[in-house]
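Heads up: the structure comes next, in structure tokens.
The first chain written gets the first letter, and so on, giving A, B, C, D and E; residue counts start at 1 in each chain.
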Amino acid sequence: MTGEEWGIVLLSLQVSLAAMAGALPLAFVLAWVLARLQFPGKILLDGLVHLPLVLPPVVIGWLLLIAFAPEGPGGRLLALLGVSVLFRWTGAAIAAAVMALPLMVRAIRLSLEAVDPRLEAAARTLGAGPWQTFWTITLPLAAPGVLAGAVLGFARSLGEFGATITFVSNIPDETRTLPLAIYAALQLPGGDGAVWRLALMAVALSLAALVASEALTRASGSGRGGHVL
Amino acid sequence: RTQAQVGGRGPLVLAAASLQEALTAAADSWARKGHSRPVLSFAASSALARQIEAKAPADLFVSADEEWMDFLAARKLLVPGSRADFLTNRLVIVAPAASRAGFAMRPGFPLASALGGGRLAVADPDSVPAGRYAREALTNLKVWQTVQMSLARAENVRAALALVARGAAPLGIVYATDARAEPAVRVAGWIPAEAHRPITYPLARLTTSSHPDAEAFRRFLLSGEGKAVFRRFGFGTR
Amino acid sequence: MSFDVDVTVRRGERAIVCRFASAGGITALVGPSGAGKSSVLEALAGLLRPEAGRIAVGGTVLFDSLARVNLPPEARACGVMFQDLRLFPHRRVLGNLLYGQRLAPPERRFLSLEEVADFLDIAPLLGRRPRTLSGGEAQRVAIGRALLSGPRFLLMDEPLTALDDARREAIIAVIERIRDELALPILLVSHDRADVARLADTVVELRP
Amino acid sequence: MTGEEWGIVLLSLQVSLAAMAGALPLAFVLAWVLARLQFPGKILLDGLVHLPLVLPPVVIGWLLLIAFAPEGPGGRLLALLGVSVLFRWTGAAIAAAVMALPLMVRAIRLSLEAVDPRLEAAARTLGAGPWQTFWTITLPLAAPGVLAGAVLGFARSLGEFGATITFVSNIPDETRTLPLAIYAALQLPGGDGAVWRLALMAVALSLAALVASEALTRASGSGRGGHVL
Amino acid sequence: MSFDVDVTVRRGERAIVCRFASAGGITALVGPSGAGKSSVLEALAGLLRPEAGRIAVGGTVLFDSLARVNLPPEARACGVMFQDLRLFPHRRVLGNLLYGQRLAPPERRFLSLEEVADFLDIAPLLGRRPRTLSGGEAQRVAIGRALLSGPRFLLMDEPLTALDDARREAIIAVIERIRDELALPILLVSHDRADVARLADTVVELRP
């Protein structure tokens, strides 16, 4: 591995972690709304959440570009905050987060729907308000889904290519993540060696994430089922 | 950073993916002259043009075709007078290295029969510039009708090349610059340059450009020294 | 007045009507299987909203359909032992026991963890996951959790089934102590005539 | 919509349905193995399943090309069967299935892990063998995950672009699915109108899938939790 | 010989040793909470593999650690009513009741759905989801499901708790009928001394 390749790996890690961490709370809220509330237009919200899955990534990248262009709605907002994401790693993280969102929402929603409302009711009688019940009962019981969502989101972010290159271009040290570097190497004759090396790094990163998630699962040892549900 | 640099980042250059090697080499020789190294971003010309349209701040744009440059010119995103056609390319027919196929280029040459039921790998003629040139050439050579239904349309030239290199397609049409770099294929015929519009790569400075070196690097690329780098990679220059 | 209840609760197609008042002590709620005993308990706990009526316990109005009063469960301070126990599967026995205790204001706590663990004989189980408990063990943990939450009144749905005699006696002793020393209103669902005869100051019969 | 665009929509539907239907059994088996068995190398299998998520789609397409090229292992095998997937819609379905697999596995696995083994034990005492128990208890209880997996897989297949174009290229009426058509339109200055029309069709298809899945969920009405788990 | 049991069952850190033989009729398994009664039932049903020992019922060897016999649960034909009921949440009451009946060979079926629904008084519940049942209703469905599976012997873990007197009597009547008419070996876990005294031909006490 060259020093440049290490830099790419670190950048990918940074972008993917940021995307995962940034998307997780939003994914949780969306999952909760979809799992627990009934309202007109729910199917539209569900459809919106699935959009990044259904449309080709380059289209999502293009939509992000329109949204975050200096004159776009997102761009104006960020300009007020003095931030720009165009051609920046933060933009790459946004692209990855958007693409990962549907996967995270689904996993979390599945787990939330499996939480037994009678346990939440029990917590209320023990003096916990709705928020306390959420933090101490609902969230821990949905932990398998949150963890699965985090792993999926991280892995998907590691592999994100089309939306990223379309939105924030392919700029060394800033937006050139592993997939973009792999794509660039693929374009080069004799780039196969670099392709394999970079692909292996991506695989190693995802394996590390999987090992970490398994360890977390085991540590929490979330005993499901059992007596007295 | 890959290079110890005093002057910080160089200008940001957005360039068509097929220029990757050659432009990287040109940027290296520019940097060796003591300038801060330009930052190069390679992607499809269409993606880059849309980024420029969105006012993403970049300095130079090298497109794989004139149309996207026109698109930006119409939106007044090019610095007037900075646009120049500086590279040219040729199309070739490639076959797997082991193949014995060879063509004498004349109207109606037996391309379809040489495919033997296989497909002709090209960049998508509906969208990718290389594919559009190929269609134009084959039409003028009066063989388009015979192969039109047997195309394998790839996302870009390199992908078309990979189809031939992997034996998935017996023949393909790609840029000469791509063919010379892939050992798994050999050139089975040169498409006559007169058969299609000239293949040109225009270069221009962008109105969002703010880097003090941008204009100097543009001039370097257009200089004899700069063009020599591209010729090493098989491009023609103007 | 400890319990002052007059509610109509809907369950599927049935409407369960329940009306009683008790002067204090232990009130036994009896009736055949499916009569609606657990449903009434849920209404008292604030988990099931009655169609109409009024619920007051110890002088505090918890629900009044006319006055539009409907305290949320956590404001009612009722210690519930559910028929289906509802231990938290992701917390160990100790975590289950402390859950309500931590949330209760100190002045309402009338039993310590040690006392509860001792008379319910669950001290050896504190580190265990609920899933690994036997039926009777889980039942005792559920009772302990309700007692430790510092309730102002107790709702116990069949707390004495599936227990051996020694444990039954221990639990009955605590219930009596709570009634006598703390004067907490207690509503007890039981099918055991002997238990009801022995413990109850008021017997309310629910008909299907 | 032109007739050509309708053809693209139908082809997309065909490819996505085939990918989803083809991947579902494999995804289920993988999910079951990952949820229920402990064996050395399990984390590697898990990593392998995540691969299509972690690597850029074009790399997956490239690997598929190597595998299914006439001289590749998969290509030789298929040649024996007299089948070719290169440049065929079946190849597009394979690419979509591979890309959708990790999402499907995760969703199904989450649901399988939530199935209470005590219910399976009860079925055994009632005379059901391991297979009968599986079909009558495990599978129906995991239905929410299977359904979620199917929806995710279908949606992901609808949006699949990079692996498809790299593997089976972009052949009208054969492999030119919605994303490929959208991409082609995006490449052209002035193609925006077609992009929007085609993108809307993709969104409509995915909404239809969501509505269908909601209807299925409601019909099965899978009563979770409840007494006496 | 109906039950001939001599097993050591491991549960967490404890080893439960249980040894008994009964000549027929109803065997009551008693012992304090946590003694291991449910664990012994699971071993008899083939759900928990004993560390060592031998289990034979009605002359058929179900498990023998020395002879390496270990019939899977579905080959043992035991009707189990679990302490935690374990109704299938995705099937309605009718689907739960028919689950075992459909799998049983016709010659082993000794009760019809109508009979069971009738004496357990669950006919009105057949279309309901288990989640909507009251505690006692769910218990009766669980008993019915075990009876309808055409078992060669019955294992019942606290089948009589949480039921009103009329229902208790009805269930006791069936249990006695099954004992007398069909001569099925029955193992009954109960904490109720009166029930045990009245029903059991053999009493086995399990100590913790």
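We adopt the following convention: a contact is a pair of C-beta atoms (placed from the backbone, for glycine too) under 8 Å apart; a residue touches a chain by one contact, two chains touch by 3 or more.
Here the structure is a predicted model, which means the values were calculated and not measured.
With contact taken as defined at the outset, there is no chain that touches subunit C as well as subunit E. Counting hops only between chains that touch, subunit A reaches subunit E in a minimum of 2. Highest C-beta contact pair count among chain pairs: A-D. Computed from the mean C-alpha positions, the centre of subunit A lies at a distance of 19 Å from the centre of subunit D. Subunit D and subunit E have centres, each the mean of its CA atoms, that are 44 Å apart.
Look at where the CA atoms of subunit A average out and do the same for subunit B: the two points lie 35 Å apart. Counting only residues that touch two or more partner chains, subunit E has 84, 132, 135. In subunit A, the residues that reach two or more other chains under the touch definition are 58, 62, 118, 186, 224-225, 227-229.
Looking at which chains touch one another, you get A-B, A-C, A-D, B-D, C-E, D-E.
Interface residues of subunit A facing subunit B in the complex, by the touch rule stated above, are 3-4, 58, 61-62, 65-66, 68-72, 86-87, 165-167, 169-173, 175-176, 184, 186-190. Of all residues in subunit D, only 43-44, 46-47, 50-59, 62, 102-103, 106-107, 109-111, 113-114, 116-118, 144-145, 148, 151-152, 155-156, 158-162, 178-180, 182-183, 186, 195, 199, 202-203, 205-207, 210-211, 214, 224-225, 229 touch subunit A in the complex they form. Residues of subunit E touching subunit D in their complex: 42, 45-47, 72-74, 76-80, 82, 84-90, 99-100, 103-104, 129-133, 135, 138, 142, 145-146, 149-150. On subunit D, the positions that touch subunit E within their shared complex are 118-119, 121-130, 132, 136-137, 140-141, 143, 220-229.
Contact residues of subunit B toward subunit D in the complex are 44, 46, 49, 67-68, 70-71, 119, 121, 124, 126-128, 151-155, 159-160, 162-163, 166-168.
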